[in-house]
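Two complexes come next, and they have one chain in common, chain A, joined by chain B in the first and chain C in the second.
Coming up: the complex of A and B.
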């Protein structure tokens, strides 16, 4: 990468972060709610992007982990009167452990078979949320979920809570950036592209598969612990299979296996329906058509288009260089 | 000399087909053993049994005197046994350097240090050295998928050496490689064998390549060991001529 390109990237990053901090100051309650939801869903989608996009393991259970995190937060902060940070710890450990166990089928089955195993888990989790009244209050749900105090600041009002979600997203993003650039990230990609060869290079594919599931699921749990205080009321309905499918769509539409894929995918899934609201009854249909067209045009998602464009440009530049070198060779005496 | 690899009476059947039918041999330290035979004679199956990709139906495999039958390929690799595959097996989306770092990273530290330590697992210098050794310098940052077939073959072979293996099993390294690059590959393999005392077993159909590179050649036919000896002995063996080399 050239130095200009690098500065351009850094500049763009700073501008986006500044915009995410400054612009929402004028937003109303609903706008802030939607943006907070975007941040929360991005975290969950990043988790799935690790499991599916980087490590290549299909999962239809990410919504269930958001649910587990949300219920952990709701139960602990309302009935237990504990701080959200404690719930966060419990949600991470719980989702990591369950995700690890859910990874075991992936050691035996792959692709659509694996999708069905995780789908069954998703249904199981939903039934627990709905039927185990003693713990989850069943279909009545849990209300009056408090918002946390972060370092002495109350986040009851929409703007501070949005900043809380944005800050959490920032921390998760940095951790994820570190992870995918580490040797682990490389091993995850190897797992996706060629597990047999990976194994022959000493990569313990079994352990990395389980890790990909566990870490991805734990991020689902993190998103859940933010989701509960965001809506301040939870019942089982939002955590049914359709949330898992939504998250899957965010990953695919944004660009599976690209770092910024989940940010874009969640933006489209959360914001686009809102922008299309002026079309009234048609907005969901338009949304569906837009997604279909995108995936026909670019099965690798939005960032896939960008990636293709950049690769093409690089190839062109390289062949131009080669042509110049060749013509010099030919004209040389 | 000590035996790096000892294979005793290894058998592998698929249903009623005996793909490998009781093969025994030793490979001494620093040796380059060629493994030849007609298609379907069980060479690759034998490799897969040695390397843990397949579990043998019977028999025993020892590396440095230690029984390794039943170990997983990743465990074997960490014991210093490396391999290449018959078909190309590089990671096309990773760059040449990343491919090499990946090939060596599991030999560095433990899971924790690979998560919290440097992103190159401390292998950038070693990878660049390997890139130089295999003359891939101008391609270090290119995605492996964009390389020519021959260049990918070189990278594939280079990857097998990143973990500093004692024993390397190469499955048709010369297949589909043009003559110039073939000379390069042979010379590089011979150099690693000389300098690092690495031991090789090479499956190959290119007779010129096998006969000039290997110190000993073993011939398989129909799952069994047909002959074993120096290249000239094997070339003169009537049974080998009958089964494989032709008149």
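Coming up: the complex of A and C.
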């Protein structure tokens, strides 16, 4: 990569972050709600991207982990009167542990079978949310979920809460950026690309498979603990199987295995239906058609298109350089 | 005891319908590595196509005929040419995701263009009860069971006794070798898509009178067929049939003996246990792991 390219990237990053902070300042309540939702869903999708995009394990249970996190936050902050940060800790530990256990089938069977196990888990979790009234209040749901105080600032109003979500997204992004560049992250990719080779290089594939699954699930839990105070009311319906499918779609549509894939995927899944709202009842249909067309055109998602374009340009530039060098050699006496 | 027998018959009847859907599901997987997440919606749609034709004024039998033809065209040919063919070379996952999007699209389309409410649907089996060996059994359950069994037998005959069936099996087992020995692989794959479209149309015809025609009814059905296919054996037609019947019976028994709240959990737990201890399914053969 050239130095200008690097500065260009940093500049673009700063501009996007600044826009995310400044532009929503005069958004109305609903616009901020949607943007906050985007931040929350991006965190969940990032977790799934780690499991799927980097470690290559298909999970259809991410929505269930969001649900577990959301219920942990809702129950602890309303009935227990505890701060959200405590709920966050519980959600992370709980989702990590369940993810670890759920990852065990991944060691025995792979590919589509793991998808089936996680699909079953997802529906089972939904049944528990719906039926265990004593804990989750069943179909009546939990209301009046308080929003947290962050370092003395109340986040009751939409704008501060949006900044709270955005800040959480920032922290998670930094952690993820560090993780995928750490030896662990490289081990995850090795696992996806060639498990046998990874094993022969001395990577404990069993442990790393479980680890990728558990960390991805824990991020689902983090997203859930933000989701509960965002909506301030939760019932089982949003956490059924279709949330897991939606999250999977976000990761694939954005570009699985790309760092910024989940950001784009969540943007399309959360914002595109809103922009298409002027088409009234047709917006979900158009969304479905758009996803199918995109996948037909580029199965590696939106960032796949960009990646293809950049690679092509680089190859062209390289072959141009080669041609120049060759012609010089030929013309040289 | 008498109650148990009723439950068994009802369970077998729904199970037979699940089996039809699950067989189509495994056929698609075997010949073209398509995990069709829209399979439930594929069952939901034909009933609406038939209702639409009846709205124009056609009699029921004509509506059935046109409905089946339309499903062959849309869910068989159209699905293969427009979605599966362009995506097949990109691997299993993107195609599976695309079928999820297709499921959303189909549900929304029916909701928009038809109705968000459940519509009644006429039954091809007359209502009423018959008594067999002193037991009263609903005619509808028996009719569904008989029809589904007839279709399954017909399909098994087609696959095992005819030349086309053998060619389809060869395509499923090893497309490269099948092509070398002169099997028209492409045509055989298209054939399985048409068979799947026919099976879902039939399942739609049989199950909609029981559960009404609703845009969202595919969700439960698709999942049941999915579980049936895995429990029975993902790579075997007879496995899917056994799985379908088993899930139908287990589902009905669980509703009566476990709890109505957790009836849906029983097949799922069965699924997890099967995957953990016998991942190839009850009747399936182990798949070689590709490394």
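What we mean here is this: the second predicted complex is superposed on the first by the 333 of 333 C-alpha atoms of A that agree within 3 Å, B and C clash if a C-alpha of one lies under 4 Å from a C-alpha of the other, contacts with A are read in each partner's own complex, and residues count from 1 in each chain.
Assume contacts are C-beta pairs under 8 Å (C-beta built on N, C-alpha and C of every residue); 3 or more make two chains touch, one makes a residue touch a chain.
Computed from a predicted structure; not experimentally measured.
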{"item": "Touching partner for A:204 - first (chain B), second (chain C), both, neither", "value": "first"}
{"item": "First (chain B), second (chain C), both or neither touched by A:292", "value": "second"}
{"item": "Touched partner set for A:245, first chain B, second chain C, both or neither", "value": "second"}
{"item": "Partner chain(s) touched by A:131 [first = chain B, second = chain C, both, neither]", "value": "second"}
{"item": "First (chain B), second (chain C), both or neither touched by A:277", "value": "neither"}
{"item": "Partner touching more residues of chain A, whether chain B or chain C", "value": "C"}
{"item": "Touching partner for A:184 - first (chain B), second (chain C), both, neither", "value": "first"}
{"item": "Partner chain(s) touched by A:196 [first = chain B, second = chain C, both, neither]", "value": "both"}
{"item": "Contacts on chain A seen with chain B and repeated with chain C across the two complexes", "value": "196"}
{"item": "Footprint of chain A on chain B - complex, ascending", "value": "51, 53, 72-74, 77-78, 82-83, 85, 89, 91-94, 98, 101-103, 105-108, 111, 114-117, 119, 121, 159, 162-163"}
{"item": "Partner chain A, residues of chain C touching it in the complex", "value": "35, 37, 83, 86-87, 90-94, 96-98, 100-102, 104-105, 108-109, 111-112, 219, 223, 226-227, 230, 234, 261-262, 264-265, 268-269, 271-272, 275-276, 279, 289, 291"}
{"item": "Footprint of chain B on chain A - complex, ascending", "value": "179, 181-184, 186-187, 189-190, 193-194, 196-197, 199-207"}
{"item": "Of all residues in chain A, those that touch chain C in their complex", "value": "58, 105, 108-113, 115-117, 119-121, 123-124, 127, 130-131, 195-196, 241, 245, 248-249, 252-253, 281-282, 284-285, 287-289, 291-292, 295-296, 299-300"}
